[in-house]
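Chain lettering (A, B, C and D) follows the sequence in which the chains are written, and residue indices restart at 1 in each chain.
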Amino acid sequence: MATKKIAILTGGGDCPGLNAVIRAVTRTAILKYGYEVIGYKYGYRGLYKNDFIPLTLDTVSGILHKGGTILYSSNKDNLFDYAVEENGKIVKKDVSDVAVENLKKENVDVLVVIGGDGTLTSARDFARKGVKVIGIPKTIDNDLYSTDLTFGFYSAIDVATDALDRLHTTAESHHRIMILEVMGRNAGWIALYSGIAGSADVILIPEIPYSIEKVVEKVEQRKAQGKPFSIIVIAEGAKPKDGSVVISKIVEDSPDPVRLGGIGNKLASDLEKLIKSNEIRCTVLGHIQRGGNTSTFDRILSTRYGVAAVELIHQEKFGNMVCLKGDTITYDSLENVIGKTKNVDPNSELVQVARSIGISFGD
Amino acid sequence: MATKKIAILTGGGDCPGLNAVIRAVTRTAILKYGYEVIGYKYGYRGLYKNDFIPLTLDTVSGILHKGGTILYSSNKDNLFDYAVEENGKIVKKDVSDVAVENLKKENVDVLVVIGGDGTLTSARDFARKGVKVIGIPKTIDNDLYSTDLTFGFYSAIDVATDALDRLHTTAESHHRIMILEVMGRNAGWIALYSGIAGSADVILIPEIPYSIEKVVEKVEQRKAQGKPFSIIVIAEGAKPKDGSVVISKIVEDSPDPVRLGGIGNKLASDLEKLIKSNEIRCTVLGHIQRGGNTSTFDRILSTRYGVAAVELIHQEKFGNMVCLKGDTITYDSLENVIGKTKNVDPNSELVQVARSIGISFGD
Amino acid sequence: MATKKIAILTGGGDCPGLNAVIRAVTRTAILKYGYEVIGYKYGYRGLYKNDFIPLTLDTVSGILHKGGTILYSSNKDNLFDYAVEENGKIVKKDVSDVAVENLKKENVDVLVVIGGDGTLTSARDFARKGVKVIGIPKTIDNDLYSTDLTFGFYSAIDVATDALDRLHTTAESHHRIMILEVMGRNAGWIALYSGIAGSADVILIPEIPYSIEKVVEKVEQRKAQGKPFSIIVIAEGAKPKDGSVVISKIVEDSPDPVRLGGIGNKLASDLEKLIKSNEIRCTVLGHIQRGGNTSTFDRILSTRYGVAAVELIHQEKFGNMVCLKGDTITYDSLENVIGKTKNVDPNSELVQVARSIGISFGD
Amino acid sequence: MATKKIAILTGGGDCPGLNAVIRAVTRTAILKYGYEVIGYKYGYRGLYKNDFIPLTLDTVSGILHKGGTILYSSNKDNLFDYAVEENGKIVKKDVSDVAVENLKKENVDVLVVIGGDGTLTSARDFARKGVKVIGIPKTIDNDLYSTDLTFGFYSAIDVATDALDRLHTTAESHHRIMILEVMGRNAGWIALYSGIAGSADVILIPEIPYSIEKVVEKVEQRKAQGKPFSIIVIAEGAKPKDGSVVISKIVEDSPDPVRLGGIGNKLASDLEKLIKSNEIRCTVLGHIQRGGNTSTFDRILSTRYGVAAVELIHQEKFGNMVCLKGDTITYDSLENVIGKTKNVDPNSELVQVARSIGISFGD
């Protein structure tokens, strides 16, 4: 039975390019194949509550460059384990059948899910229930398996690189050690790319545990070469080598440990104890990396993903996620993609490039 | 006795425009009046150690747009109360005579000091000792007395406004309350200007103590109007009204209270306890505000200040600081300027403008 | 009789900040004074055709930073001399009474007109007919009389300065003379400001006729100083001194003289004949100066203007235009403002500043 | 015989990333392999005149983000057909032996040539003469054969996309047809990428000759859909289909045809004759595309190229050019690369993507 109507939803954290994907899916679906398109609001929650808007050429007009998502998003709505109120209590239930019913009620033939590993896990689970699903990968951290790049990533490294450029002038003028903590809980892609682009002296990532002594060594080596300042970029998931001497602890007992503590500030505290002749400052870039206008690169990648998703629908290749290999748009089975992480390979060309130009990974 | 040689130094924290001032002073001095120019390195420390470089047309070439200072800076070097080692101990001494001797030795006729209140206080003290001094006001916070604007300020609010724009897309898409903490220890200028330019819903500044209830009220009022997200910009020196209920405390006992705690994070913690239906995120913009390229506006203002300083030298009006009143470059006595702060007047036009378009100050 | 309903219209060319003004007028009118607000579309044409939209808090949401105008504009619609079809012919007629009738029909108490000299001339003429009018000055060129600054101007010089920065790297690497033609038909403000901010070597403006020999002299002088490249910014209305030797003519007989010819390209042709050792390139910046996001500075100025316009309405001070003097928002009679141009004074501080740092005006 | 000393030169037009390449080559050569590095100034001219500078860690400090080239460049210096003065006349001669002698005199083991097809043709010719050469591809147009991407290209499309964003607001507010002419004499890559990223309605490129009627059709179709404005991006090398009706000619007899005329302005003239209800404006982006800061993407790509060039030297794989295939850095023989152009394939995925979302190519 041919596709006539598709639905889109966006799940998880913010990521520049979501609107560009929505626009490309909608325009291609309408203009090229004559499909009808709707968009569920707030990710899976909208699918559960059957809360949607029609997506027309007008709805998606003027959104190509805009961050955020016109469909809104929610962070943790897993319909297979969903918090509902029953008899005055909050209980977790599988409400996925409600979602399937809603899709039937609205005559939706295919569901296009734009999201990260969590959101796409649900997409796979709906596929297992017989729903025709197409996934589109989204993660600011670029750590999704089976795709070389995800949209939003280059927008984030543009922001991080700009921040490093700004910190550079102060570091140089004031002989400081400037630390920038960027996103990357499990994977150090943002730190690696922005560190190379932003002329960092040290890049610390989860994939390469660091020793504080090596960081100090690099800073001192630079001083000896007439560079009495250093720039360090650190992924939020970076960690010292096992067995390292504990110098200062991340504040766990503060009102808000996640927000107040953090590895960047720990590193600053540690370095303050070991390096006396420089002032040390840490900036946590935070949500600024996730919002704002979508970069040129990501507008193009998002558009390619959106068009490719509709082509997969037209070819009835359901249960797949679009992805990028090299410069080729292709696809992979959701079953194959889920639950894995794409990490920085410490032996990869880009890490070697960084080392070749003198960047230290603290190892 | 006519001026033949002038010296420049830059003191205090980083501020976009320092290089533009150095360039304008140097070019005007050389091209228009034929003065010789040198620059002391690391602020007053260089004056004490007689550590300087000649400033020529070549030295100042290509630096107009660059943040930082080619003369470097130091933060706390007060030669009237200077830390020196004597018999293996660090003692504080008045070493200003050494500086005066150095100026004589190098035949420097006039000293141009670019800095904030601390740096300019020393400039005044040197003036009292008979040194011919011209001051040029520098503060990222824009809180120096007797001048309407200081360079660097508009560069900082460009950065803060850009950050607010970025936070806006996420706030809207994810129905969040986004808090941005900006600089402004004593005065709320950056928060006020960037809040208006960046479409903030709430602006919290030191000059208008806030009540957390009023902030919550604004957020809830917006929800009632169909806007389930809010943007709050808060100056680092903002504070709750006396007598407010203490909800969460700033972490004072952390390894690094200044860096980890902070009013923005406190506000986030407080709001989390009072508002259940939104996620709340705080970003502390930090040193990103101080570095990077100088904005168009500040390049022009810095250049005007630099030229005006040399004109004051030519007219032998020593002991003064150049300043901006309205759109007119003028000057004021250092004696009159020092030790005062220019605060946001809660009844000023700009605060009224903000209130008129619906921005809350939490009061 | 108290104001209950106001109408806004935007006329003339594009200018970043129009939406910020519309937003500030609308929000202040509704939130502070409870007025109803409508917006006529396409400037006076919408007033003539009674084509308007209601302006609500929702209508003006999310537009603060956006270039363009949500009310659209038209360039040459003067209702006092309006092209209408009568008996199959186009004739020019005074249709202003129709406009007045429309205002009455819609119970509009006050008309807020945002525009340049042409648009505001009509506003004055409506005032003379008894319509309660408030003007808000708009000109990218900054040449409106009685106000120190108009919004959009700083956005334009940000764009021009960025272009000069870009041309600089190529000029320096390739030893070129790079010419940038910027807007400014009658007044050289954009060239003057961006020339200082963008490190131009020569600034050519309508107010200071140039001699080509002086331009060549400056270029050669720079070479002698080891700078084998030069940057020239020229206002579109700049002109050689009377009696100058005609070297090359502006192409008048091309299909589109205005677009193809132009003073920047003439200057390039002239210099090619006089300077053999450099390649010379001219870029006409054109409409890029008028569009795109509104700068921080202009967002604030536009907001101040919008709020001030509503305050004038509240105070029943009709027939006036809001304006900026120094850093103070004030107002002046439309009768006093119209038909005059604010030119760069060749003896002004800013021109002297430019000369002091070695910039040539070709005179 | 192991490499001990390498020389770098940059040839041809400006391109953001040249400095990043120079820096990466120099740092890797010194830090990783202990080579000595020098840089010839002004491309091959410096090689001929033996005009060079040493390249050290200090020389390449702080240049990663800067446009231009610290080694300068020249556009048309082919040492195999070089203009020299002999007996008062300019004659063309093969002076390549002088260059080879200079390399020997300075004990240069390997020459790294960064340039486009012309510059690399000479590199190949030196390789044929026995010089150990490594090529690094540089073209703003991205039309070099055998590499998927060249640095500078993404910086250029960032600028073009920003310009399209700016034109968009005016087009929409003023119901205009805005034309942007971008670089691309033989290949339409910049137009294609920036057109997709900048939300163009029509993209005209050399590879797909256009018919003016199809362009008009697209504009009218948009009006029928309630979009009374259009954005057209056109590569400078775009051309109408053979047999098209000639509407207006490019001005060939003007003082400077290359500069004044141009396909963008021709298109504007043509459309003005065919479309009456819109104002039409053309902007020629010109050299702004080539200068300014290097984008994040290009900083990384340039760094990878620079490191890879040194690795090829270390592996003694001379006579090759580094290149990018997909996301893999590899290399190809200069013999294989020269004299070919990489054009946009009208059937490629990206052209299909553009068509899918409704962009017209005027065919």
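As a convention for this text, contacts are C-beta pairs under 8 Å (C-beta built on N, C-alpha and C of every residue); 3 or more make two chains touch, one makes a residue touch a chain.
Owing to the predicted nature of the structure, the values given are computational and were not obtained by experimental measurement.
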Which chains lie in contact with each of chain A and chain B? none
In terms of CA centroids, furthest away from chain B sits chain D
Express in whole angstrom the distance between the two chain centres, defined as the mean CA positions of chain A and chain D. 32
Chain centres from averaged Cα atoms put chain C and chain D apart, in whole Å, by 34
Using mean C-alpha positions as chain centres, tell me how far chain B is from chain D in Å, no decimals. 42
Can you list the chain D residues in contact with two or more other chains? 165
Where do chains touch, given as pairs? A-B, A-D, B-C, C-D
Chain A-facing residues of chain D, complex: 23-24, 27-28, 31-32, 57-58, 61, 64-65, 148, 154, 157-158, 161, 165, 193-194, 196-197, 199, 225-227, 295-297, 299-300, 303-304, 306-307, 310-311, 325-329, 349-350, 352-353, 356-358
Would you tell me which residues of chain B are touching chain A in their complex? 13-14, 16, 18, 66-69, 72-75, 159, 162-163, 165-170, 172-175, 178, 248-249, 251, 254-256, 259-261, 265, 268-269, 272, 279, 281-288, 290-292
